[in-house]
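Alright, structures below, take your time with them.
In the two assemblies presented below, subunit A is common to both, partnered first by subunit B and then by subunit C.
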Partner chain A sequence: MFGKKRINFGSAGWFLLPYFLIYFVFFFLPAISIVPMSFTEWSIIGTPKFIGLENYTSIFSDRYFVKTLSNTFIYTILVTVILTVFGLLLAILLNQKLRGRGIARTIVIMPYVISSAVAGILWRWMFERNFGIINTYLQQIGLPFVGWLSDPNIALYSIVIMNIWWSVGFNTVTFLAAIQGIPEELYQAAQVDGASPFQSFLYITIPQLKPIILYVTILCAANSFQMFDEAYVMTQGGPLGSTTTLVYKSYTEAFKSFRLGYSAALSVITCAIIIIITLVQMKANKRNDT
Partner chain B sequence: MTKKKTSLFFTYLLLFLVTAYYLIPIIVLVSTSLKPQGQVLSKTWEWIPRTFTLENYQYVLQQFPYLKWTMNSLIVTIGTVLITLMISLPAGYAFARLKMRGKNILFSLVMLTIMIPFFAYTPQLYLLISKMGLKNTYLGLILPMTTSGVSIFLFRQFIQQLPPDLEEAAVLDGCSSWGVFFKVILPLTKPAIITSVIFTAVKSWNNLLWPLIASSNDAVKTLPVGLSVNIFQVETGLSNQPPYGVVMAAALLSIILPVLLFVFLQRYFVQGIATTGLK
Partner chain C sequence: MLKKYRFIASLLVLSLVLVSCASSAEPVESVDSSDDSEAVAEVPAEKTTIVFWNGVGAPENVVLTELVNEYNETNQDNVYVEEVILDWSTLYSKILLDFETGTPPDIMTIQQSGLFQNVDLGVLTDITDLMPEYGFAKEDFIESAWNGSFIGDKQYAVPLDLHPLALYYNVGLFEEAGLDPENPPATMEEFLAAAQELTKDTNGDGTTDQYGLGLAYSGGLPFRLWMSLLWQHEGEEILSGDNTAAAFNTEAGLESLEFLRDLVYTYKVIPEQEQSPDDDFMKGIVGMVISGPWSQFDFNTVDGLEYATAPLPVFYDQEAAWADSHMLAFPDTKDETRMAAAMSFASFLSDNSLTWTQKAGHLPVKLSVLESTEFKDLEKAQAFAVTLPNAHYYPSIKNESLVFGRDSNSPFVVLMESTLLNAMTPQEALNEVESMVNELLGQ
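Our next item is the complex of A and B:
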C-alpha cells in the first residue's frame, strides 16, 4: 500500500457552515450567557442588576435545594439501574423461541412512541387516590389506599414505576439487537463443556454485551437526569417538593417566579455537576482500557 | 422432560405477565375514554363500560382546536426532521472525511450540545427568541431543536466506517466534494438517515418543555402543550380532578397516528434503534 497518496476530498468549511450558523445563534449564545446572567438579579422587567455571588449563596443555603438535588440523584440512579436491568431481562425473555413473541415485542416497545404528556396523565389516572384502578383493586383485596402521587414519601417512586412502563422498550430493542449479534458458536461450545443456561448467561452473554450495557446506562442516566415532563404532568413537582427535580426547579424559578438570575445560577451548578461526572467517567474508562 | 415442560410453562407465564403489564394501561385508556361522565369515577373498576358513548370524543373535537394543534405538531415535527437532516448530514460527512484546520475543536463544540442539558439555557433561549420576534412562530419552535449534535455524531460514525474507495473513484472521475456527497454518500447513508429521522421525529412530536415556553398561542401550539395545559389541566395540581373521560379520549386521539406509524414501520424502528446501539 505504500506510496499511495490519500486523495483529498476537499475542504470542510461549506459543509459545516449551515450547522454552525444555527448552532451559534440558538445554542452557543444562549448557553454562554447563563454565566453572566447568574451573577445578576432580574425579573424580565427592567434591567439586570449585578449582585455578585448572592444567587449562589442563597441556593446553597436553601434547604429545598438539597432536597431537589437528592430527588434528582435518587431518581436518576433508580431509573438507570432498573431500566437497564429490566430492559436486559426483558430482551432475554423476548429472545426465547416462544409463540406470540412478535406481538409481545410490539406491545412492549409501543409505549416508546406515546408522548410523555399522555403516558403521564394515563398513569396519574391509574394512580388516582379514590377511583384509580390500582387503589380500587387494593381496596377490594382488603388493603388500604396508597397515596401513589399524594404521599411525599412515595410519589417519586410512582414516577419511576410509570417510567418502567413508558421507556423500557427502547432499551429492550437495543439489547435484543445486541444479543442476536452474539455468535451462536460461543453458546454451543459452552454447552459441550457442560455449562448451564445460567452459566452461559453469566460468562458469555454479559461480557459480550458489556459495551451495549455501558451505552444504555449512559443514555438512561443522561435522560433521567433531565426529567421534567413526568413531574410537570403528574405532580407539578409536589407533594411538598418531593418530585421537584433540577429541571423542574429551574423551570419554575425562571417562568413562574421570574427569578432569571437565580435560575441561571442553578443551571451553572448543574453544568458543573455534569462536567465533573463526565471527567470522572472518562478517567474510569481510560483506566479500564489500559 | 417434565423439568423442561415446567420451565417452559413458567416462561410463558412470565411472557403473559409482562405483556399484561404493558397492555393494561392501554385498556384503561380505551375503556375510560368510552365511558359516560357519570361512570368514570366509580367505586368498582369496569373493564368494559356498561354503556358506551362517544360524547368524550365529541367534546374534545368541539371544545378545543384539536385538529389545529395536531397540524402544528406535524409541521413542527416535519420541519425539525428536515432541517436537522439538511444541516447534520453535510456536517457529519465533513467531520468524517474532509480536511480542515481546527476540525477537532469544532467537533468538541458539537459534543457540547450533548453534554449541556437543554433546560440549562432555555430561559436565555426564550429571551433570544422573543427579541428576534420568533416567539409563537413555527421557526421559533423548530430551530432551537435542530442544534443537537446527536445526528451529526451518528452520521460521522456511520460514514467513517464506509470504505472510501467509491468516493475516491468519484473524485478521480472529476466529482466535486458536493457531488461526492450527493451521489455517493447520501445513498449509502440510508440506514443512519432512517435512525436519525425516527429519533428526531419521536423526540420532536413528544417534546413538551420547549413548546410549553415558546408557544402560548393556539395558532402554533403543539399537541403535547394543548393536551397538558388545556385538556389535562395539569397546572392546577393534584387537588383538581380533570374530567378523566374527556382526558382519555383526547389522549387516545393523540396516539393514533404515532401508534399506526409504529405498527406499520416497526421494522425500521427496531433497525433504527439497533443501529445506534451497535456503533
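Our next item is the complex of A and C:
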C-alpha cells in the first residue's frame, strides 16, 4: 500500500507515532495483560495468585453464564442485521432527489451526536412502564402497558430499539458516502440495457457496496458484542439478568465484586468470540468474491 | 518539504512527551503543590493538606461539601481539606486501586456495610487508640452506631449518622382519601386499609392511576424492606449466628416475601413493575413510600408536596427496620501528621452532624445532638429517631459486596425481582437465593 510512495510513509509514520505510543501504553499493554491476569485470583489489593484454569472452569459452571452469552448473541445479531439493513435503506432513501433531503439527513444523524449514556437515560424515561410516554400513548389507543424495561422477556429488545434509533445514522452516513461514490455511468449503462431500478440496486449498488457492507457489519458486530453503556444506564443488567451482557458482567465482576481474575477471563472469552466472528465475516466475504 | 513535516511531527511528539512527563512528574502529594493558584493562596506552607473522599452521592454530597468549606474557613487546626467527590461504587473500587498504587486519600466516607470488606483487605487504619485523643467516647454515641464501627475488638471508623427505613406519606392524598394524616398506619391492618383507600382511579377511565404504596421491583430498597419484615419476626435472622450460612429460608422469610408480592398482585396497591417509587411519590402517583431519610432531600425540592413521616409500621411481632450508617474511615497512609489532621477534621464533622441532619436528613448518632432542641424541632426526622433502637444492619461479613450487592445478579436482587415480577413463587425464589448465598459465603 505504501510501497510506491516510501517518502510519504516516512512523514506519515512520524505523525502516526504519537497515536501508536498512546495506543500501545494505554490500550495494547493493558489489553494484553488481561491474559495472564485471567489465570489468577486477584482482588486488586495484594499479589495475584496463580490458579491455572480455575476462572475459566468456574465461568462455565456459573449459573448465569449461558444466559449472559445468549443475551449478548441475541443482541449482537439483532443489532447488526437491523442496523445494516435499515441503514442501507435509509441511505438509499436519502440519496433520492427529494425535497427536504438535507433536513432529513441531519435528523437521521442527529441522535448519534449525543452520547449513548444520554440516549439511554432519555429512553429509560420514555420506556417507563407505568407513567412513561410510550405506554401513555399505547394506553390511549387502547393497548395494554408493556414492561419495556421491566419485563425480562422484553427488556433486551427495548435496548435494541434504543440502540437502532441512536446509531442508525452512523451507518446511513457511511452507506450514503459509499453510494455517492458509485460511478453514475454504471446506472446509465444499466438503464440503456433496460434494467429496472430494483435490478440496478441488486446488480450494481449491492456489489459496489460490498466492502462497505463488510466494514459496517464487522463494526456493528464488534461494537454491539461489547454493549455496556446502554445496559448500565437503562437496566443495570436486569430484570432477572435479562440484559446482562458479557462486558457488563466483566464490569460487575471486576468493580463490584473485585474478582479481577474472573473478570479478565470473561474478557478473554469475549475477545476470542469477537475475533472469531470477524474472521468468519471476512472469510464469508472472500468466498462471495470468488 | 519532507524535512519540514518531520520537524513539525517531531515537535508534536516532543510536546506530547513533555506534557505526559509534566503530569507524571508531579509529586505523589500533589495536593501540597497544587497548581491551582487560588488554593495555593489559601494554604500557607505550614498547613497540612489532606484529601477527603466524599462518596455519599448526589444530592446529599453538597451538604458535606458545605461542611468541608466551613471547616477550611474556620478551623484552628491548621488543616486544609481537599475534597474529591465520588459516588459509592466508584469510591469502593477506586480506594482499592489508589491504595494499591500508594496514593489513598487521608479520610473517606464509608458505609457500615462496606467496613468489614475494606478492613479485611487491609485498607483501613485501626483508630481504636486514637479515638479518645480526639474526644470520641462510647458514651456520647448511640450504641448500635458505635458498635457498628468495630470489626472484632478494633475500631476502624467514626460513625457519622444512621439511616433507617421509615414510612413517608403524602398528607394531601391522605386527606382526599379520608385518612387521618395525624394518625399514620402503625400496624399491618391499618397499613393495608390506608393503602387500599389510597389506591383509586382518579379520572374514571377504568384503570388505577393512584396507588397506595411505591415499591420498586429492583435495586436495594425492596430487599431491605423484606429484611426489615423478616426482622420484625421474633428471633429471625438473615444469616446464621456466625454468619456462615443463610438462615432466611424460613416460615417468616416466606411470609414476609409473600406479603410483598401480595401487595402488588393480590391487593394491587403497588404499581406492577414499578421503577422509581420516589419519583412517583413526588408526582403524587403513590400515596406512601418506604425509604430512608435521604429521600427528604429530593422531596423537599418539590413545590406543593406536603408529606410527613412515620416509623415503619409493625407488620409482625416487633419493631424493626433495616439501617445503614455513614462513617468516616482512614485509609492507611502511614503519615502521622496527616492522620492527625484527618482525625481533627473527622471530629469537626462529628460535632457538626446537626447540619448534616438538618440539610441531608440523615440521623445523628451523637446523643448530645439527638437530645438537642434543634434536633427535636426537625419534625420529619422524629419518625426515623423512633426506629433507631430497633435498627438492624446487614450481618457483618467480609464479602458484603457480593452477598448484599445491588446488581442484577446479586442474590437478594434476584430474590425480589423473581418475586415481584412473578417469575418464581416466593418459595422457589427463597430456595434459589438460599443456595446462591451459601455458595458465596463458602468462598
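Convention: the second predicted complex is superposed on the first by the 242 of 290 C-alpha atoms of A that agree within 3 Å, B and C clash if a C-alpha of one lies under 4 Å from a C-alpha of the other, contacts with A are read in each partner's own complex, and residues count from 1 in each chain.
One rule holds in what follows: contacts are C-beta pairs under 8 Å (C-beta built on N, C-alpha and C of every residue); 3 or more make two chains touch, one makes a residue touch a chain.
Predicted model only: the values in this text are computed from it and were never measured.
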item	value
Touched partner set for A:Gly181, first subunit B, second subunit C, both or neither	first
Which superposed partner A:Thr252 touches (first subunit B, second subunit C, both, neither)	second
Touching partner for A:Pro18 - first (subunit B), second (subunit C), both, neither	both
Which superposed partner A:Thr244 touches (first subunit B, second subunit C, both, neither)	second
First (subunit B), second (subunit C), both or neither touched by A:Phe131	both
Touched partner set for A:Val233, first subunit B, second subunit C, both or neither	first
Partner chain in contact with A:Ser33 - subunit B first, subunit C second, else both or neither	first
Contacts of A:Ile275 with subunit B and subunit C, given as first, second, both or neither	first
Subunit B versus subunit C as contact partner of A:Val118, first or second or both or neither	first
Dominant contact partner of subunit A by residue count, subunit C or subunit B	B
Subunit C-contacting residues of subunit A that also contact subunit B	7, 10-11, 14-15, 18, 44, 128, 130-131, 149-150, 235-236, 238-239, 254-255
Parts of subunit B lying in touch with subunit A, wherever the complex brings them together	11-12, 14-15, 18-19, 21-26, 28-29, 32, 40-45, 83, 86-88, 90-91, 93-95, 97-100, 103, 106, 109-110, 112-128, 143-144, 146-147, 152, 164, 167-168, 171-172, 176-178, 180-181, 202, 205-206, 208-209, 212-213, 223-224, 227-228, 232, 234-235, 237-238, 242, 244, 247-248, 251, 254-255, 258-259, 261-263, 266, 269-270, 273-274, 276-278
Residues of subunit A touching subunit B in the complex	7-16, 18-20, 22-23, 25-31, 33-34, 37, 44, 90, 93-94, 96, 98, 100-101, 103-104, 106-118, 121-123, 125-126, 128, 130-131, 133, 136-137, 140, 149-150, 165, 170, 173-178, 181, 212, 215-216, 222, 225-226, 228-229, 232-236, 238-239, 246-247, 250-251, 254-255, 260, 263-264, 267, 270-271, 274-275, 278
Subunit A contact footprint on subunit C (complex, rising order)	2, 5-6, 9-10, 12-13, 16, 89, 93, 96-97, 99-100, 121-123, 207, 217-219, 271-276, 280, 283, 285, 401-402, 405, 407-409, 413-414, 417-418, 421, 423, 436
Residue numbers on subunit A that touch subunit C, as the complex places them	7, 10-11, 14-15, 17-18, 21, 43-46, 63-64, 128-131, 139, 145, 147, 149-152, 235-241, 243-244, 249, 252, 254-258
